[in-house]
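Each chain gets a letter, A, B and C, in the order it is written, and its residues are counted from 1.
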């Protein structure tokens, strides 16, 4: 099953890439690495505002992380044109907008990690760092950046 | 126009590299990648202390991020000896010392992103992640690390 | 002296790798790079809970960062089978669970940086970014991720 058939079976439609509103790029290829900029969680196209420990549950945060992962896949598709050419999802940095009391950033991050595993199988198994940020651009609840590898 | 002529036209003088005060390096080359340590914002050679949302405006934060980018260029110059050999600015991580209310980290980060674009043109267009840190060493308002690529 | 003799001279016993409790990997090799996931500080096998500026001293934080570095070496050993094959410790990201007042993340991070220098000598000299996180998974006081290079 191709990655696109897999996405369809999960009822996932990839979004178009939102061009950053500033002097930076959504993605950059360097050798076999593809670097993706930090993507913030969005709901219905607008920043998904919230803070874990204050006005969002862990389950909602996990859902937001999954949504970010789908946006990252949209960008990755734009970067490589064919997601089947991705040889590995290498690394995620998962920032969770957190109060000083909320300590389940790893469970929030699983929303992204599990989606990548569902879509790419073993090629989707990555390393990651997840932690609490004091705040995220636009007040979004989750931000994730990603490094992937593409086959020649 | 060479990178140094460009810097002169912008009235930018590159600083000397400040050797870290501990067991780590200001830069490291690995293959064609140059990794730079996190550089904190400084003013007149001392940590530029402040927190966005508390005692600094977004415009001041953006100015601080621009100052960090100039320091990063100084370190990059020390790393490669000739900035014209930089084939790409690859990635920035921009940490903004933020209250839990301040959500314009992206605008602060633009101070660095725009400078790199001014100096390097298309070679300066990078990916980045910007977010709010609970605190930064020495109480500095901004910290940025950078990955660049050098041509063989 | 081999790396393992060095570790023995420092009375350091490498831990076994704790498999992550989710859909991500403790380490991943990509070309000559080894990427390690964020490792949280542990004491006696459990999360080393605490926050700098609140209920831990800088010295205790530094000790926790050293403990994380030892766990990272355990994972690196599992990744490459022979630590003598590591050609360089490339980069650390050091997250310190911090109040908004604590600004000595660099001194905490030295606990990891100095250990790597002790163990690997010049091959252990790395770049790094250290900063304050709002919170860390499980309430741990320090989290560190690492990139290393392995010789062919």
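Here, a contact is a pair of C-beta atoms (placed from the backbone, for glycine too) under 8 Å apart; a residue touches a chain by one contact, two chains touch by 3 or more.
Since this is a predicted model, take the numbers as computed values, not measurements.
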{"item": "Subunit B on subunit C, rotation in degrees - Cα superposition, rounded to nearest 5", "value": "120"}
{"item": "Same vs different contact residues, subunit A with subunit B, by half of numbers used", "value": "different"}
{"item": "Rounded Å distance, subunit A centre to subunit B centre (Cα mean)", "value": "25"}
{"item": "Residues of subunit B touching at least two other chains", "value": "99-100, 133-134"}
{"item": "Residue ranges of subunit C in contact with subunit A within the complex", "value": "21-28, 30-31, 35-38, 51, 93, 95, 99-100, 132-139, 143, 145"}
{"item": "In the complex, subunit B residues that touch subunit A", "value": "32-33, 53, 88, 90-92, 98-106, 109-110, 113-114, 116-117, 124-134, 149"}
